[in-house]
Amino acid sequence: MLINPTSPHQGDSWLERNIVDPSERHDSPIVLETKQLRVFYGENEAIHEGDLKFPEHQITALIGPSGSGKSTFLRSLNRMNDGVATVKGQILYRGVDVNQPEIDVYEMRRRIGMVFQRPNPFSKSIYDNIVFALRRRGVTDKATLDEIVETSLKQAAIWDEVKDSLQKSALALSGGQQQRLCIARAIAVQPDILLLDEPASALDPISTGKLEETLMTLKQKYTIIIVTHNMQQAARISDYTAFFNMGRALEYNETSKIFTRPKVQLTNNYVAGDFG
Amino acid sequence: MNPKLSNRIAISVLYVISGTIIVILAALLGYIIISGLPAINWHFLTSPARAFTSGGGIGIQLFNSFYLLILTMLISFPIALGAGIYLNEYAKQNWVTALVRTAIEILSSLPSVVVGLFGFLIFVVQFDFGFSILSGAFALTFFNLPLLTRSIEEALAAVPNAQREGGLALGLSKWETVTHIIVPAALPAILTGVILSAGRIFGEAAALIFTAGQSAPALNFADWNPFNMTSPLNPMRPAETLAVHIWKINSEGIMPDAKAISSGSSAVLVISVLAFNLLARFVGKRLFKRLTAS
Amino acid sequence: MNNQLKKQLLKRSKAAKLERLGKSVSFLALMLITVTVFAIIIFVASKGFSTFFSNHVSFVDFITGKNWNPSVTNAKGQPEVGALPMIAGSFIVTILSALVATPFAIGAAIFMTEISPQRGAKILQPVIELLVGIPSVVYGFIGLTVIVPLTRSLFGGSGFGILSGTCVLFVMILPTVTSMSVDALRAVPRYYREAALALGATQWQTIYKVILRAATPGMLTAIVFGMARAFGEALAVQMVIGNAALLPTSLVSPASTLTSVLTTGIGNTVMGSLQNNALWSLALVLLVMSLIFNLVIRLIGRKGAMSK
């Protein structure tokens, strides 16, 4: 098979691509943009190129078969792959390239937060899970912390369930509650973008439904990029969808278009359930 | 030979071997406790030793053992924690790490008498600390570091990676994540390791004869100023520990009740070490429960 | 606005500073241990070599000489620092105790992993852990009050000697060798057992022909570990071996080991004197042997890894 990352638009059907620029049809500004992004695990190139633009206050879903590189791509965006993989190319966060060594990766990750596949609350109380990062950043005022705990838990739609047991261990919560706690923990540091890596894959359908509702309301305040292998989920909640295959973003468009009139044959096959 | 018959014989032999080991331990413990318990009483545990007459106790030695243990832990725990963190969280797989791991392995297999001699050479002679608690604590630190480092490293490695990612994704540094999330999560296992190594330190004698010394000068338990020579807290005084005391009276003791004193001391030593072991199990289980449940 | 963001993102945060500090501090701790190990080797070596370089004792005489009496000069005008009695003593007690401990340790390990894992875990495991925990001076004391009188009444003489030393060391290394053998046996994959049993082999045939063979490198490591421990053990041996720097002629006559002469001698010699330097040479032999044991364990490990 011929792979030539420098000239993507050739006739080979494997490399057929259709990437739209959301800023042309949408008036919300672009918050995050990747340019010529390539990711290497040692000698192996896992992401060949990803040139995507993510609009503000929208949910963008990254879909594709397992091994397509969608998670690797996501984890590269806030440099969680530092030390594991080599990321080349540019990641423009509001115009600033954050994929360069001079960038303070900690401040960047505070602005570009992440929630993982399996809920990973710390073995601390619910309250301490939320305020932990704030305390480390020097916020000590009790009233401020209390307020942030309440607003974060409310935004993550878990406040009513835990407001009476804030001092209880977070590990005593159910899986779905733990995941929403992790979202609350992520938004407590007031990020700009939330990256979610298959956040519902370890949850039951009811918890998944609650989580999706939560995300729909969160997008009013945050830009959300979510990796999912559940196409219905992508169709339900996202505004934009990118289809990944074999380390490449093949198609990127408004979600409705991806699922009804995909322009790329492979996308069509995938959303129709032919492989994956 | 008939395979069925040889199978039966072999298995019986294994039962006999295992039984023998149990009998050996039972005999050892029985002997230590039965011969030692009659000697143990409040006077024995609290009064100073006597060199030539009977009726001496092990009060000062017992105190020295605990003081030395605490001092050793105060010195070695931060070092072992730092080393364990670096090895588990930062070390890349390269020749430096391989060299460091080899060095730690070598240290852990060095005979404790060699470690003691090195301590003697450096602290007692070069630094002129003399035979002192401080010299002994440094020697025991070398003796303790490899095992403690390894147990801390293992404890950290057992904490799932998702916890580290959780911290990093909040914009915290790896160091903050490790010290505030990973170490607390690994605390039960770390504490178990600490207590077990405390038992080992408590019973160690070979590394101490030429560092902490073989004499136990009288102490004034009313004087807690560490700069006074008779103060129990003075780290520069020579300090024979309980384990060294047992060795000393059996090699050159001339008090008439040497045997009773050794029996009593051995019993106290073994009971203390057993207590450390039980405590380690208890603390490990208890803390683990408290950290995971609500 | 972008410029302001850029400035915020380029500024080194508190987290970045903490990260650098923490990484350096923990690296220093690790280096401290490493440097100590090299310092031990260098200091002990330099003290140990001074017998040969400052006092001009021939290395061959040191290793092969049968008379240890550093304060006396022999007919050649050389001090008598023949370390062979101690070297021989150390090797004999080490090898003998390993020979006795090995069948016990492996037998117990097989019992714990293959025959009765439940009773193994409930009874034998704590027994082994308790045996590890007993301090070596206590072993020495029991050797002195039980083993030595027993050998005396059985074989005559003083009771002090290689035999008593072997008995004490046997019990001391038994738990180490056992628990490491258990690890080696547990590492043998389950399907080895199932395959052999399915072929109609008896339990013992399975153990003897399949499991023990698969676990050989691990158990060899266990035995060498035990030997390293026995070779370096000081006080317990010193208390029962009799401390006579003579080439051992029988198992029940007083003898000595490198460690026993060291523990009794260092305190009675003056730093820098030949008598003292000669003792440091003994310590060097101990150190070198410890390094060799380490090397052997590594070689076994590498070979075991290759054959898998």
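Per-chain residue numbering starts at 1, and chain names A, B and C are given in the order in which the chains are listed.
Operating definition for what follows: a contact is a pair of C-beta atoms (placed from the backbone, for glycine too) under 8 Å apart; a residue touches a chain by one contact, two chains touch by 3 or more.
Here is each chain with its UniProt name: A = Phosphate transporter ATP-binding protein; B = Phosphate transport system permease protein PstA; C = Phosphate transport system permease protein.
Since this is a predicted model, take the numbers as computed values, not measurements.
Among the remaining chains, A is positioned farthest from chain B, on the basis of C-alpha centroids. When C-beta pairs in contact are tallied for each pair of chains, B-C comes out on top. In terms of Cα centroid distance from the overall Cα mean, chain B ranks first. Averaged Cα coordinates give chain B a centre that lies 18 Å from the centre of chain C. Chain B has its Cα centroid 49 Å from the Cα centroid of chain A. For the pair chain A and chain C, the distance between C-alpha centroids works out to 54 Å.
Residue positions 15-16, 19 of chain C are each in touch with at least two other chains.
The residues of chain B that reach two or more other chains are 171-173, 176, listed in rising order. Counting partners per residue, chain A has 106-108, 136-137 as the residues that reach two or more other chains. The part of chain B that touches chain C in the complex is made up of residues 3-4, 6-7, 10-11, 13-15, 17-18, 20-22, 24-25, 28-29, 31-32, 35, 78-83, 85-87, 89-91, 99-100, 103-107, 109-115, 117-118, 120-122, 125, 142, 145-146, 149, 171-176, 178-179, 199, 202-206, 209-210, 214, 243-244, 246-247, 250-251, 259, 262-263, 266, 269-270, 273-274, 276-277. Those residues of chain C that touch chain B in the shared complex are 15-16, 18-19, 21-23, 25-34, 36-41, 43-44, 47, 103-104, 107-108, 110-112, 115, 120, 123-124, 127-131, 133-138, 140-142, 144-146, 171, 174, 178, 201-205, 207-208, 225, 228, 231-235, 238-239, 259, 262-264, 266-267, 271, 280, 283, 286-287, 290-291, 293-294. Those residues of chain C that touch chain A in the complex are listed here as 1-2, 5-6, 8-16, 19. Listed in rising order, the residues of chain B touching chain A in the complex are 160, 162-163, 165-173, 176, 180-181, 184-185, 291-294. For chain A in complex with chain C, the residues that touch the partner chain are 93-96, 98, 102-108, 136-138.
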